[in-house]
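Next come two complexes built around chain A: one with chain B, the other with chain C.
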Partner chain A sequence: MSTRAALPPRAHHRPAWHVATVLETRAETPNAVRLILDVPTWPGNEAGTHLDVRLTAPDGYQATRSFSVASSEPGRVVLGIDEVPDGEVSPFLVRDVRAGDKLEIHGPLGSYFLWRPGQSDRPVQLIAGGSGVVPLYAMAATHAAASDPSPFRLTYSVRTPEHVFFRDELAALAGPSFTIDYIYTRQAPPDWGGTVGRLTRESLVGTTIAPHERPRIFVCGSTGFAESVAAWLLELGHSPRDILTERYGGL
Partner chain B sequence: MSIATRGFRGRRREPGDRLPPGQTKVSRWPVLSAGPTPDVDTDTFDFVIRDENDTEHHWNWEQLLAVGVEDITVDIHCVTHWSKLDMPWRGVSLDKLFENVDTKYDYVMAESYGGYTANIPLKDLRDGQAWIAIEAEGAPLTPEHGGPARLLVPHLYFWKSAKWIRGLTMMPTNEPGFWEQYGYNLHGDPWKEQRYW
Partner chain C sequence: MTNRLDGNVLAGALANLFVQDATELQARCTKCGEIAPIAAAMVYPDAPGLIARCRSCNHVLAAIVEAGDKTYLSLSGLSGIAVPS
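Presenting the complex of A and B:
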């Protein structure tokens, strides 16, 4: 982030409104749903993108919220949505939406918190808290699909194994160029050898790419999570320019 | 274009809520920023306005406060669809800070500790519309909310209210700042829903 940065390349696609039809809903975690949307006009998106979902009531009342996109291909959008207790939109999306329902989306949005294949050969460290893994999963999937050679590592702080988003997909992506470290904050799998508890500066040292390897770092989680992790990364010697943060829980 | 979503009712606005289109009222104060929170010390704090004559007007922390801190109550609107109403702030009016600045340029680049920038027309910063804020909700601004000092331009989307403010540089043209380079609107009027471009 520099004061007079050269203009970055424009996102491939200008944001626009699209009508989406729900193809499938799936329980992602005990508190979250995976929505698979059929959006014939969706142009595709880069990994890390978000979009706005707008719901309209019969009397015209509208509510709009932002969500990260887990997918990247044209014509189809996958969202992983955590229920915000006392929220207005997420409880409806998690509990009430079913296949065939229509909603409006605006996007793709954001051209900063993005990972593009071939952009750099530096290693990439992804650090997720809870549902903050959604845009980072999109990056890992894009990295694998592009056979990009840069090493990827995901450090994923999550309450319990059943709260992991995209668990099977992440397991399938793991390999020589993509490693995953789970931090279980409440309960670990039965055969888990590590400790259970919140992510700390010390556990971050053991599970992330070292500063001398100059990783580009994407952090996504709650505000408290992003603040703590970014501060620890600076203390460990990473450059502030290499740390990109995204937070959920704006609403 | 607007289609109804089956079963959605949502919450109704309370009478008297002054909300721009697409916004929802919050009581909490969410945090958004693109990178780590910089550590800005009031002991070394230096705020500067640079004009086209290469004149620099500097204020250290004590000098800034000595200009005069006023109470402000305003609504703020974030591009991520939340608004916070009747929020009490304290800060120094930019009208006072611009009093001795001689400029013919119409645009300003706000610059922050940490490298963040935001472009704003000068006319949006004058006439009681903008402040260097140092307190919110009765307490000094916390670092994650831009402390010790942030720009406060409440009639524009809140990314224009640059956190960790360190200076304003006059510009002849409306060059895009940080988020503006990434597709956010050059002006950002919430009542016109100027979110993206």
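Presenting the complex of A and C:
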């Protein structure tokens, strides 16, 4: 006999190609934009989802890249896009796209790196490197919107305060059931009491939920960041089954 | 007499198996036996196409190559893909 409450039915959002119209583009960090897209056919999405953006050059050449979705509602998609130097897609999206432009998007995609309300009452540890915070922000926002009782903690490694994605939104979400620890790797705010430097295994100990609390862990960042963090988490005693990673490339 | 049909009869079964998104499905590496979600494989996007390798032993699990008007899918390194009923 199970005393667990029934899980809510899983949303069924079939991936499809959509035409998106850019509603707004604004600077998110010195290297990144927030794109707000109007997509009338978008079915809504779960937290952690990504989508593919396909660009087509006048000569027919096509390039496709994946981006995490910061929002979840139908009809509208919010992306936070960091410029990858020498990239084929992100420099265009960061520098050249204007309100009214149209983009081809394919999604919602991904059924693995997702957080669903009501799925578990275990605590959740989110670990972000740079723009890797985008899907984790979506999870924190969904957690708050659903009033889900599981404790959430975000550890966010970022170059400087200016490089924080969704800074105001994250500050508004922070509270008793969602705490944020920033790791500033280059420069901290003037009143910062902590140290400045890269995330290490030792700094993870003080800023993340301990292994004996058995958190479910979502790690998203550059390939090097995600792989380093996942290895440290294993060394600290977390189970490999509890660590979900999403790498966005780079070193 | 052994009953014999053709592949058309698989349509319903395959429509259920080829789910909209397979990345959460667990599958076994044919070389080392590691069982993991497809999403946890290491993927190399800069080869011609996408190459998925086992996170434990680096064996090639799958390849997806677009060529002309066709997309070729190889799952030669995967077995026992577990699909929820």
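Note that in this section the second predicted complex is superposed on the first by the 238 of 251 C-alpha atoms of A that agree within 3 Å, B and C clash if a C-alpha of one lies under 4 Å from a C-alpha of the other, contacts with A are read in each partner's own complex, and residues count from 1 in each chain.
Basically, a residue touches a chain if its C-beta (ideal position, glycine included) is under 8 Å from a C-beta of that chain, and two chains touch if they have at least 3 such contacts.
This one's a predicted model, so the numbers in the text were calculated from it and none came from an experiment.
Taken together through their common chain A, the two structures put chain B and chain C in a clash. When the two complexes are superposed, the chain touching more residues of chain A, out of chain B and chain C, is B. Looking at the shared chain after the overlay, A:Thr245 reaches both chain B and chain C. Residue contacts after overlaying the shared chain place A:Gly130 against neither chain B nor chain C.
Of the two partner chains placed around the shared chain by superposition, chain B and chain C are both touched by A:Gly110.
With both structures placed on the common chain, the touch criterion links A:Gly80 to neither chain B nor chain C.
In the overlay built on the shared chain, the residue A:Pro15 is in contact with chain B and with chain C.
In the overlay built on the shared chain, the residue A:Leu234 is in contact with chain B alone; chain C does not reach it. When the two structures are aligned on the shared chain, A:Ala63 is found in touch with chain B, with no touch to chain C.
Common to the chain B and chain C interfaces on chain A are residues 15, 109-113, 244-245, 249. Note for the complex: chain B touches chain A at residues 1-12, 22, 24, 26, 30-38, 78, 80-82, 111, 114-117, 144, 176, 178-179, 181-183, 196.
Interface residues of chain A, counted against chain C in their complex, comprise 14-15, 109-113, 244-245, 249. Contact residues on chain C toward chain A in their complex (touch as defined above): 20-24, 37-40, 45.
Across the complex, chain B is touched by residues 1-3, 5, 7-8, 10-11, 15, 17, 19, 52, 54-58, 60-66, 88-89, 92, 96-97, 101-104, 109-113, 223, 227, 230-231, 233-234, 240-241, 243-245, 247, 249-251 of chain A.
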